[in-house]
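Dropping the structures in below, format is structure tokens.
Two complexes, one shared chain (subunit A), two partners (subunit B, subunit C).
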Partner chain A sequence: MATSTGTVQLISWIGDTVVATIAAPPLADRAVFIAFRSVDREPTLHCKAVMANLLVSAFISGYPIEARYNSNWEIEQVTVGAFDISPVGPAIHGDFYSIGGVDIPPDVEIVFDSDTMTVAVDPDMVRPHCVFLTALPSEIPLGRNVVSLRSANWTSNPVPIDVNAGPPQTARTLYSGWPKHRPYTIALAANPGIETIEGDFVIDPVMADRARYHRASVSCVRSLLTMAEDLLRQNDWDRQIRFISIFDATLSANEDNALAQEVADSTIMAPRNHRLEAFLARYDAQADIVFVVFRSDTHNRESATATTDYATSTTGGTAFTYDGVEHVHGYYPRTPGSATMSVTIGNRTMTPFHEFGHAASDYNNGRVRDLYDDNTTSSFAINKKWRAQSSDPIPAIFATYNGVDFPSDPTRDGLGYPPDWVSYHPELITPENPNLMDNYRGGQNSSLLSRLDRLTYAWFTDRLRAKFNR
Partner chain B sequence: METLPHELRAALKAAYPNLTDAIIDRTEALLSARMLCDPETEQDEIARLDRERRELIRKEMPRYAEILQAARARMEESVPAERAKVRITLKKPPG
Partner chain C sequence: MTETTGLVQRLTVIPSDSMACVWIGPTPAIAELLLVAPGGENEAMSVDALRNTMISALVAAQVSRHEVVAVHADDDARITSLRLSPT
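The block that comes next holds the complex of A and B.
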């Protein structure tokens, strides 16, 4: 048995025989074949058909194969080699581009190699399992390229790809997440229409600025995965999270398509969360959290709606206790959590994570509230409690979650509780920086260093674990 | 919803010299409370909070939204396009 490993240069049918030429420089090209004979039994014919299909796929994609053949040069086995990186979706000029992998170093560059040039590009975001480009540069030649990741101490396998001129995809997977049914999914959606205060529907100007939508979307992902708050990337959890993007410029502004609405007597743009599930379903998508990226000159302040999970009896959940009362981390959302995000957000901002903090909480089993005011509420809040009088001392223990006592924050992030406030908060993870759900820009250090408090972090960790493992 | 940036707070106080931080804080607290309500099940509470906030704005800062829009437009930096850094190496044609 001999072996030839390389790319399929030619493939053709001659009668009942498939002939393939395998090139593995510097060795000479090797012509090998698969013969379909009348005496072959069904399992043998099936096996040969699969091998022929693999040869055709390898020929089209440029992926190298290993062919084992007998002394007559008749193929008896075909193996497609594995790559250590995986491009996600087609390579299209101006569209998002991402590549999955394992243990990708932070100093990596993306290298596109073609017959005429080599183009090296710095990713806009790097995680150990994925690199993201906001837009595939137009400098990369159209047609066949070989893409690889390269850093000072590591180079990935080269993977053949075909670069297209466009148009960019309407719905695109940015990272596939865990290979399972309904991995935890965060969707980024360009908002087709805005419901005005008067109840009219108008086209959202974001639909005319796809490049900016891309930048805002990557800013959201960067905020969630690369800042000091590591909730979503602890233990490389973000490998499990699926990210998708939807930008559908064909839609009109109407009741079905508008994903955001102006809030009267304010500059707030609110998600139309009741429309999200049906909107996503058109693209065969589902999500746990949706960022609705919008543009408005009058209502440009972001906001969020929390998730409403299905009842445990419907789709299951993981029970927890909070101050001795039983609640549930639901596995699936009936209505996804959502946040509006202005297309004008900066490249590095905690706004998406702050709004994620609201959106990923649950209206019925624990809301994560803003901490910069003294609002009281009768609804179940995870991260805020109230004293009877502002003169009452702040209790040492804020709450008991799943049998563990979590202390209070006696000084409110170093910002201090105003003397008339009755509300108080859980202890911070990093007391030197304000709570991410508080006035986190009011501290001495960069707002990018702000984190959640210990209790909310623990509660979210369990909530996300329940959803990741559903 | 995040805190009102201090530039916007300053714009409101510049437009209404007698406006106090306490009134702005109250307006913001009502807005925050309203945005944290479940739009599916808490419509009555949303309407109550909106009503109180509207009355406060009408009385204390009737051009509230207009001032915030203008101030935000001023402070909204044009987000620089983080153009991917691209390095091109041409290959010599064979021969």
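The block that comes next holds the complex of A and C.
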């Protein structure tokens, strides 16, 4: 069996055959055909019809095909695709744009080639498996383009795409995540409405500023995947994480649609986590974590609510021990973890990762708490303990997790414990920088260098592994 | 049942076996091989026709970069139902 790979230049219907001319320069064009015979079984005829439709789609889209044919040049199978990069979703001016790939170098640019011009764009975020654009530039000509990734030492395959003017998609996948049932998913959602302290529902101003929502969303992803804290990208884990965005400008502000609420006597905006699951379901979506992007002049401080996982008896989990007591890393969330995120956050900030730390912990099997205060809690906290008196010494061992002793941080490195505090923390991974769950902006170095403590990192690693492998 | 969500990275149609192989995933290197294939000898032609519309939908999704949700048994690569998701 011979093979011809290239684009379909011409398709003809002649008698009982469909003839396709495949161009694969510098080789000569090759005419191959599909024969519809009266002796063919009905399923074979159906499948040949599908194959003819595939040739038509390849002809219209500009996608190359690989045709395998016999010595009579009759096609026996056709493959379409097989690029080394994968653009995600339609190309729409002003909308997110992302491209998946393999070992994408950090200096890559996205190149759009059309009949009239070439536009090269620096991605807003690069990881080895994907690049993100906050918004597809309007300079890229409408209609047929060929997109590729290009760096100093590498150029990807060119992929034909059709660029259109809009409108941007309401729900959009930014990266598909691992091809398995319910990959670990992080959703970014523009908040349609705010529940005020008085109990009214008002339109969130973020819905009038889609461009800024896009910037804040990419800033969240950048915070999670590109800063010093490597929790989510260890072992290339971030290749497994699905990212989706929802910006639905058609929704009114009401009980069902409002995803954030003002907190009385504070400037805090809290997620309305009990509404998230039904909200996502409208878009055929589910998530483990939801970032609710909002805008408020009076309540602009972010907050988070921990995940509530299903009980182990329902959907399974991985057992662990903490100070000798058995708990479970649940596989699936009954209520996703959630965090509000002001649309005004900067391009490079650890705030999304800090809030993720709260949201990705579990209400019943270990919460990751703020370390910048001395507040006590009755719930099970992973990263915070309390002495009886502030004058009591800080124990050398903070906790025993899965049989391993994790030391305490005796000095609250980088910041120092106030003398009246009774709380204390686990040992840091990078003692020169404050804990990411502490006042990470208060250290001597850039806040972008802040990381979790050793215990929380180990606990989160096991928790996320349980969810990635579910 | 398992739902595999992703982009159609590659698709091969083989008329002699009345089947298609489809690779679904986020990138060309991370893709699950699934099949659109006959379920048995005595399958009704209506099922066969429906299955071929599924292949056509997968092709359309591939060239438009549209995400699909393929449903199959946990231990079987044959796709039993398919959704084109809003995202």
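Assume the second predicted complex is superposed on the first by the 437 of 470 C-alpha atoms of A that agree within 3 Å, B and C clash if a C-alpha of one lies under 4 Å from a C-alpha of the other, contacts with A are read in each partner's own complex, and residues count from 1 in each chain.
Heads up, the rule we're going with is that a residue touches a chain if its C-beta (ideal position, glycine included) is under 8 Å from a C-beta of that chain, and two chains touch if they have at least 3 such contacts.
Since this is a predicted model, take the numbers as computed values, not measurements.
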Which of the two partners, first being subunit B and second being subunit C, lies in contact with A:129: first, second, both, or neither?
-> second
Which holds for A:94: it touches subunit B only (first), subunit C only (second), both, or neither?
-> neither
Taking the superposition as given, does A:316 touch the first partner, subunit B, the second, subunit C, both, or neither?
-> neither
Does subunit B (first) or subunit C (second) touch A:414, or do both, or does neither?
-> neither
Taking the superposition as given, does A:173 touch the first partner, subunit B, the second, subunit C, both, or neither?
-> second
State whether A:105 touches subunit B only (first), subunit C only (second), both chains, or neither.
-> neither
Indicate the residue numbers of subunit A shared between its subunit B interface and its subunit C interface, in ascending order.
-> none
Would you mind writing out the residues of subunit A in touch with subunit B in their complex?
-> 115-124, 133-135, 137, 139, 211-212, 215, 263-268, 270, 273-274, 297-298, 300-306, 308, 335, 344-347, 351, 354-355, 358, 363, 367, 369-370, 372-375, 377, 379, 439, 441-442
Touching subunit A in the complex, subunit B uses residues 1-3, 5, 25, 28-29, 31-36, 38-41, 50, 53-54, 57, 64-65, 68-69, 72-73, 76-77, 79-82, 84-91
Given the complex with subunit C, which residues does subunit A contribute to the contact?
-> 34, 41-44, 46-51, 53-54, 57-58, 60-61, 63, 76-91, 100-102, 129-130, 161, 169-173, 175-183, 239, 242, 244, 283-285
Touching residues on subunit C, where the partner in the complex is subunit A | 2-16, 18-20, 23-32, 38, 45, 48-49, 52, 55-56, 59-60, 62-67, 69, 83, 85-87
